[in-house]
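Handing you this structure, nothing more for now.
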Amino acid sequence: MSARSVLFDAPGPAARRRMRVFNVVATVVVAGIAVLALWRLADKGQLAASLWTPFLDPSTWTNFLLPGLLDTLRAAAVAIVTSGLFGLVFGLGRLSQVAAVRWVSGLVVEFFRAVPVLLMMIFFWLALGYSDLVEAPDAPFLAVVLGLTLYNGSVFAELVRSGVHNLPRGQREAALAIGLRPPQSLRLVEVPQALIAMLPAIASQLVVILKDTALGQIITYGELLDSARRLGSGQGNILQALLVAALVFIALNYLLTRFAERLATSVDRRTAGAARAEAPSLVVDPD
Amino acid sequence: MRARLALAMTAAATLTLAACSSGGGSDAGADETTGAGSSEGSGGGESIRIGIKFDQPGLGYQDGSEYTGFDVDVARYVAEQLGYAEDQIEWVQAPSAQRETMLQTGQVDMIFATYSITDTRKEVVSFAGPYFVAGQDLLVAADDDSISGPEDLEGKNLCSVTGSTSAQRIKDEYATGTNLLEQPGYAECVTALTAGQVDAVTTDDIILAGLAAQPANEGKVKVVGNPFSEENYGVGLPLDSDQCEAVNEAITTMIEDGSWEQILEDNVGASGYSANEELNPPTPAACA
Amino acid sequence: MDDGYLAQFSSLFSQFDVLGAFGTNLALTFFAAIGSLAIGTVLAVMRISPVPSLRWAGGTYVTFLRNTPLTIIIVFCALGLWGQLGITLSSDFQTNFFRLAVLGLAVYHAAFVCEALRSGVNTVPVGQAEAARAIGLGFGQSARLVILPQAFRGAVAPLGNVLIALIKNSTVAAAASVPETSGLMRTMIENRPDVILAIFATFALGYVVVVVPVGLATTALSRRLSVAR
């Protein structure tokens, strides 16, 4: 429903006047709150120029924020690929003709979708730290990637499965009719179309991955938030540094979200399935 | 369509690989120079890997390719005495939880990272030093004279990092009615302190002094100077390392020729803090 | 796993209050869910309202809050609202941080509640709004009496997803000095690295036990409530 168009009339002169008055009042109230907050911040010395000028200094960016951003993107990029693979494997597992494979895949996927990512990261970080499987400096990175992969991979698996389920029955029937075996039909006909239908949802899950790399800060992974904190420790402007990091995150995620939205409108024509912009809910239909 | 999908996947994989290798570039050198420090005292052409903190201003802090702080300068001096030039030192981040593992698995040759010598740790790693005796202490606002020790914290707000032993000791032994705020790092605590929302921050005195010495905090906060514990900062070495004697000698020289005092003054002097003179400078303990 | 391992592991439960920590997470979730539902509903109404500035404000809120990492929001609640602006939500020190964490969780998830409700609004056929208008209802009335009740029914599944995300995200409240499961798990592992697997399994299963029924209930509820069209 496009509620906007039918829920109300185009405002008339009186309504427009009321809106203008309302806008002015609302702006004054919001601006008032902002001024009050700024005044109190200034009172605490948080607006002092010395706390903000470091961000005009290139070395702040080259020594802290950009390396941090690079590490954020590195963890996100690796986690995107590994969770894609995880999702494909377990998504196909959930569609397998062998009941045991279906069952095990279902169990794995539902388990990792239910456990908080932060708990997984902390666990892998400490577990890798106590073992000597990897070099200690790599433990935070691996823990971040593992945590993100298990959770988001499970979401991807769910996307693959529900994407295939949402395809019109005729696709599979046609594939079988031309002599493909069920696994071939799955691999050659159904999954590719399901993936395209699910591209927008996959893209919006990428935002989740990118945003969740920030949890790596808690386990000493040197990503953007962590480097902002380190910068803030040295310059005594940790709040300002976190604010700048937040703005960088917002800009990145905003671009990614816009990309996902555009994808949703453009891929609709290219698949027999219906494009969806959202991840399926947990335990959709436990068949 | 299959071809295109395959192409897309290849592209994605290539991108990732590129991202991996470029990101790994910074620590790539680490793999090529393993276990150099376990060789004899004269470094020769080899390098030494030293674990430090990267996020503690005044103690061990990374700013781009520059490393500063008391621990870092002590490490530089010791490394020089062992025959390693500045450019032969490779700095590695050693977070508290991973220090033992890093030594046990040979990922670093020695650690200078506010590393207290304890009996539990001695079971798995060796220590040279101590090179400094710190004590858990309090950081308060510069104009606050009402707090002169942990007993004065009854009913006051105290900040420390999550899981801090120092804060736990205060709550257990000195002032059970303390309100404890736990934060991810000390810098967060200092912002709450300078804003007047907490009354004190607690951890080892030299760490507090390092924070107080930062230009942004200068004159706003002070270390109380009434330590209520004794932390012997040692040089972490792999268990039964043959380097211990040499490191101890270097520490002794450093203290005798006045470098120790100079290093301390350079890094935390601005805070107005002076080390506990009854215990400092310490005499390195005999190697096991 | 021999008896010794199990005995060692179970001794941990007398030392650490695992159930209490889960209780904290559930309490955080409960209050934050109410808060985010309230804020999210207001935002959703703003986003479909006739007033352009309200629509803009709602959209901006969602864009900013949804794209900020939750950790930063929680830290700002603790260090910004309380640390700098001196806003206290309770005279008790620990309760204050609990409420600040609830506030952070609520404003963050409100953005997602708003989006879920908007998708619910999209399931309401245009005819419903047209009929509401035809019998003379204004925007407020048609939103309150016709659109939103149906939108809620259509949004049960996405709202359930937000609730599940909220349960799991309540672990981030540790950043605001709230003693909850993620912090406790870390302390327990650091104390007893020998039983690390069992500790993780306990906490993970705890979340499975909480989350999976919520998922099942959501699915059942969304089936029962969905309007047959």
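Lettered A, B and C in written order, each chain numbered from 1.
To be clear about the criterion, a residue touches a chain if its C-beta (ideal position, glycine included) is under 8 Å from a C-beta of that chain, and two chains touch if they have at least 3 such contacts.
In this text, all values refer to a predicted model and were calculated from it rather than measured experimentally.
Averaging Cα coordinates per chain and for the whole protein, the chain whose average falls nearest the overall one is A.
If you tally contacting C-beta pairs for each pair of chains, A-C comes out on top.
Chain A and chain B, compared by their mean Cα positions, are separated by 34 Å.
Each chain gets a centre from the mean of its Cα atoms; for chain A and chain C, those two points are 16 Å apart. Among all residues of chain A, those that touch two or more other chains are 44, 46, 126, 130, 217-218, 238-239. Chain contacts: chain C has residues 75, 79, 84, 86, 174-175, 186, 190 touching two or more partner chains.
Of all residues in chain B, those that touch two or more other chains are 97, 184, 188, 191, 195. Partner chain C is touched in their complex by these residues of chain A: 1-4, 6-9, 11, 15, 19, 22-23, 26, 37, 40-41, 44, 46, 110-111, 113-120, 122-123, 126-127, 130, 207, 211-212, 214-215, 217-218, 225, 238-239, 242, 245-246, 249-250, 252-254, 257, 278-279, 281-286. Only residues 75, 78-79, 82-84, 86, 93-94, 97, 174-175, 177, 183, 186-187, 190 of chain C touch chain B when the two sit together in their complex. Interface residues of chain A facing chain B in the complex, by the touch rule stated above, are 44-46, 50-51, 59, 62-64, 67, 70-71, 73-74, 77-78, 80-81, 84, 126, 129-130, 132, 135-137, 139, 188, 192, 195, 217-218, 220, 222, 229-230, 232-239. Residue ranges of chain C in contact with chain A, taken from their complex: 48-53, 57, 63-64, 66-72, 75-76, 79-80, 84-86, 119, 121-126, 128-130, 133, 138-139, 142-143, 147, 157-158, 160-161, 164, 168-169, 171-172, 174-175, 181-182, 185-186, 189-190, 193, 196-197, 200, 203-204, 207-208, 210-212, 214-216, 218-219, 222. Touching chain C in their complex are the following residues of chain B: 97, 157, 162-163, 179-184, 188, 191-192, 195, 197.
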